[in-house]
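Down below are the structures I want you to see.
Both of the next two complexes hold chain A, though its partner changes from chain B to chain C.
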Partner chain A sequence: MKGLKKKIDSVKPQFEKGGKFSKLHSVFDGFYTFLFTPNETSRSGVHIHDSNDSKRTMIMVVIALLPCCLFGMWNVGLQHALAIGDTNHDLFHLFFYGFWAVLPQILTAYIVGLGIEFIVAQIRGHEIQEGFLVSGILIPMICPVSTPCWMLAVAVAFAVVFAKEVFGGTGYNFLNVALVTRAFLFFAYPSKMSGDNVFVSVGDAAAVDGFSGATPLGQLAASSGPAEVLGVTGNPLSYADMFFGMYPGSWGETSTFCILIGLVILLATSIASWRIVFSGVVGGVLMSLLAHNFATPLYPVTYLTPIEQLSLGGFAFAIVFMATDPVTACRTNIGKYIYGFLIGAVAIIIRCYNTGYPEGAMLAVLLMNCFAPLIDYCVVNANINRRLKRAAVKN
Partner chain B sequence: MAEIIRIKKGLDIPLSGNPSSEVTADKKTTTFAVCPDDFPGHVWKAVVKPGDFVYAGDPLLKDKATQKIVIAAPVSGLIDEVRRGERRHIEFVSINRDPEKSINKRQRPSNEDELKTLILESGLWAMMRQRPYDIVPDPETVPRDIFVTAFDSAPLAGELLTDSLSQWLEKGLETLASLTKGKVFLGVRAGSGITSKAAEVYEFEGPHPSGNVGTQIAAINPVNKGETVWALDAVTAAKIGKLCETGELDYTTTVALTGPEIKNPRMVSTFIGASVSTLLDGELKTQHDVRIISGNVLTGVKVNKEGFLHFPYRQITVINEGAEADEFMGWASMSPKKFSVKRSFPAFLRGLSKPFDFDARIKGGHRAMILSGEYDKVFPFDIYPEYLIKAIIAGDIDRMEKLGIYEVAPEDFALPEFVDTSKIELQKIVREGLDNLRKELS
Partner chain C sequence: MNVNKSLLPLINPLSKDNPVIVQVLGICSALAVTAKLEPALVMTISVTAVLALANVIISLLRNTIPTSIRIIVQLVVVAALVVIVDQVLKAWNYEVSKALSVFIGLIITNCIIMGRLEAFAMSNRPWASFLDGIGNGLGYGIILVIVAFFRELLGSGTLFGCQVIPQWCYEHGYQNNGMMILPPMALITVACIIWVHRSRNKDLQE
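So, the complex of A and B:
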């Protein structure tokens, strides 16, 4: 590696102020720090530091997402095979079908998002921040497999610029970037984001008889009473199917099992807050129980049991990977309980009682993103009041 | 039976190079110095010039405003140098020790005013700190309470109280009690068996920063707006006791030579302000690319070989600088040598309490505050550290007050700074915040 380092160091001056490529300084710097961890030593304060940094944190989140991502690719292949009646269910056959189907989306998200990050970093003269490493993989995973790349590009550009960079970049945004992308797609191109034809990649082949590409929650929202949720070929879905995620949906978020693997990684590395996840699940379960108790044909989703509610759709994914985004969540411990609980409850409320939106997790998280600063404000104020009460000198 | 307070939030950093209890006498050091920057809150004026002869206990520096607070010579001898930096700011005053000259005994004080003057002139006053602002206390104030800590929980710190000094502690606490209308609190390590009649004793259990006086104040009786407390360590308290009882000045100190780059980590007895070069003569594993810290790795002062032991530290830590290490894709590292409280490196599999060889690299890039709750885990105060830091950065005086800046000193933010993923210089921010606040309110 010494040779590589030498070579890069020799071209470094050209990227610095006054150099030939000084306009690419941030980009160069980004790649440089990616290849070689900076050997900057501490100048003030503590002399030693914990080894964890922002890059490592983001990489750990991406690793936590991998099980969902790989499973999602396989599931895309599986749903495709079921839809066209292909009996070849070989693991790699299915996986690579899904892989090639979603690869363009992943590339689009990264190229557009990182491109904007690079440009903004250069304009501001900042180091490139790695927040988008996570957003870039999250975004395609929460979109239907058939989302056209150009739409994704527009949405990513909108979200990165207006939800993040205008506020100052990673660490300053108050809305989750991936969810803003998803919400933009949902409201700007509704026909491509919901319905029966977007969640399964059928391709050029003809679909089998009885094929329906509707997601479980989509089917329920369209039904008029307690209904069985069906797979793409019309077979009823078992609890195992729901838990392991073998049903159509936004491709990265269907498998509760893989999400749990990711959760273990996030909790072990203290990146996600267990408080948010715990209270989110509690909120979701309580609200589903309540809804289930007062189930009515007017709102057919209320017939789902709490286990089904947690296993289906994007609920689990949103709680584990979206609600725990440290930048947009509550920062105080008490706030985290309230924030998580409300996300869980609101997600189920939207899911059950707003038939226009079959899935409420996205909107619930975005809504609570907006309220997170208020919750924190109240918690911090309680601390301030406690302090004031103790003080002899008022005001 | 003293009340036991258990500190749960904190961290004992497993740095290698723990000192043995062996104490050797330092016979080599001839140059000693005091650095006025170690005594914050006042502008210091030199009252000696190079070539002057001073006895130990004679004033070297006085505070410009009142001329009452003194930084005293730790040894007798000829003034070697008054080193000045930018804008004639005094960096240190050094003395070539003359071991033949003995110290004069002081008169025992007969009343409170004489007592104050005695402590001020002995230089022991400057070794106390006042909260808020973490500065040398103003002699005119009467503190609400006085807090004394009897142990140092910082990484690799040695035992604070030596046997020869501990006999004077009770007298010191008695003396301190006459300086306040409130109480004197003594914070001791749980199970140490230290008792006192003059002071209220609290036993502290748990990881660093349980020995920091700031942690103890917060646990016993936090500082509120409009209140002033004083803080000092048991060594200073015992020296005050010895001075008042016998009239003898004591400027000896026991220094722990610690850290992964020290051959034989142990204790050395010498005088305050000893020159680092002689203390470390023949003690280093390697001469190349090391960082010498006067103090502990969290709050100490970086010095070079020409540097001196800084106050209040009784420790020298030597670690690898690490500036020459180029790490290829460090963020993907699977190295078991990397310590992280977050378990994001495989080192947690071998146990995070076994010693690690830390170096001085910050191991990442500076970022905005991203992860939440990181600081809280190692910050045992009823304060929201992230919010306080943001208020300080924003320069919002009103909010700083409300969020509890009066209760903290920079050293309280050392552990949050260590664990910070975003590598923010928290202690520097807090120091600047305290200085700004004091300027605005004075």
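So, the complex of A and C:
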């Protein structure tokens, strides 16, 4: 490590102002601060110091995502093995199948996204921000395993440029970049983002008899009454299967159990706001109770119980990893309750009552991203008015 | 640039004073008719014709129109012209007329037209007004055609209805971008044009 530091320090002057590569200063700075803690201190005045900078925050979120990510890879392998009737369910055999299946997606997302960030930072003369560290892993996780890499590249480029860079880069985006990518893919290439054939990687092998790659929510949306949720080979899914996530879906978001591990990490390091998560779950549960009470064959998803609603599909993932994004969420504490509650409720409403969209979590979070500043504005103004009234009474 | 001063009403709206990307007018129809090139082109011609003729007529009448009812008079003139255009389209190009449906009728409410009548034709001579109408119509049309070009190329893989993206691309997994057909991408395409235009014309940056 010391040798590396010496080497980097020796080339550093070339990247300073006036040096040979001064144009690439922000690239150098990005790598330097990624590897070592910057030793720059403020020149004047008193400042509060905290070791928790945005780099560390981002890394913690990536760590919190790891359980979901690893489980998702294993699940891709499992669904593949089930689909082709492979009886070799060895842990590493399944995991590495999934690993190689999703690795190109992860690499594509990182290369395209970071590439654009580096270029924009160079042009604007900014420091390179680390916001894409999280987005880059989130984006493949919320997409079907069979998403072609070129589509992912187009969508990532669109989202990074139009949802983030045009608004000023990391920290200024009002929409969640990963979800904009997902939404772009969903609307631009619907045949590759929904339906029965995209969520299970079958490969070249022939699928077994009775195979169906439909996701649980997809099956329900297409059914015409209270139906049993089936796995890929036609056997019913148990509560445990739903909770641990052994069903087809966007590969990173199926396991509610792994999402809960991630949630514990995020809450323990106080990166995610517990208010948003709590009120999001409350909103989801209340809305699903309401829907369940008035279940009709017209909207078959309403037959799901709240527990099933919370453990199926992308709801849990969206509440824990998307809604809590501190940049796009509300800033005020009361606002966070409202914001989370509405995400939970709207996600279930879309899921139940809009049969065109089997999963509504993505649209719910994007919708509330748009309303977050308004909620904050109302909360702040209500507070100002309340205090003004109190002051007026005393006079 | 040395241009004849009398031609300025024709040249200015093409870029420096473009009705869509500088004055941000007529956005509504720019979203509605730009999914394909053909309707965009027909819309361009229709708006240019209506705008030029309405400008001339209002300019001829400008000294006789009482100020208090001038908007109504302008509307009557525009509405009459739009009805004529609509009928001509129905007679000569029924398919496109069906594709454009209400949007030909809605030319009446296009803010570019009312804007030019109020701002230019009411206080200028007929010839200048005619040039202004042609210029603004074409300025509007350029943007429409650019937007429609990208939307049709990326959204349907065709231009004027002919396939331009080779078949082997589709065989190797290329897919048309369905989002380009949806109205939001028209706004984003217009925004991109504004972006490029502003970075070339720094004096327009706010």
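Throughout what follows, the second predicted complex is superposed on the first by the 382 of 395 C-alpha atoms of A that agree within 3 Å, B and C clash if a C-alpha of one lies under 4 Å from a C-alpha of the other, contacts with A are read in each partner's own complex, and residues count from 1 in each chain.
What we mean here is this: a residue touches a chain if its C-beta (ideal position, glycine included) is under 8 Å from a C-beta of that chain, and two chains touch if they have at least 3 such contacts.
All values reported here derive from a predicted model rather than from experimental measurement.
Novice: Between chain B (first) and chain C (second), which, if any, makes contact with A:K55: first, second, both or neither?
Specialist: In the superposition, A:K55 touches chain B alone.
Novice: Is A:F184 contacted by the first partner chain B, the second partner chain C, both or neither?
Specialist: second
Novice: Quick check for you: in the superposed arrangement, does A:A391 touch first (chain B), second (chain C), both or neither?
Specialist: first
Novice: Looking at chain A, does chain C or chain B touch more of its residues?
Specialist: B
Novice: Is A:V46 in contact with chain B, with chain C, with both, or with neither (first, second, both, neither)?
Specialist: In the superposed model, A:V46 contacts chain B only, not chain C.
Novice: Should A:K5 be classified as contacting the first partner (chain B), the second (chain C), both, or neither?
Specialist: Touch partner of A:K5: chain B, not chain C.
Novice: Quick check for you: in the superposed arrangement, does A:E127 touch first (chain B), second (chain C), both or neither?
Specialist: first
Novice: Per the contact definition in the header, classify A:G171: touching chain B only (first), chain C only (second), both, or neither.
Specialist: It touches chain B, and chain C stays clear.
Novice: Touch test for A:M151: chain B only (first), chain C only (second), both, or neither?
Specialist: After superposing on A, A:M151 lies in contact with chain C but is clear of chain B.
Novice: Name the residues of chain A shared by its contacts with chain B and its contacts with chain C.
Specialist: none
Novice: Any idea which chain A residues touch chain B in the complex?
Specialist: 1-2, 4-5, 33-57, 59-60, 127, 129, 131, 168-172, 268-271, 273, 326-327, 329-333, 336, 380, 383-384, 386-388, 390-393
Novice: What residues of chain C sit close enough to touch chain A in their complex?
Specialist: Against chain A, chain C makes touches at 173-175, 177-180, 182, 188, 195.
Novice: Within their complex, state which residues of chain A touch chain C.
Specialist: 148, 150-151, 154, 162, 166, 184, 187-192
Novice: Residues of chain B touching chain A in their complex?
Specialist: 13, 15, 222, 224-227, 291, 293, 297-300, 302, 317, 319, 321-333, 338-345, 358-373, 376, 382-384, 386-387, 402-404, 410, 414, 417-423, 425-428
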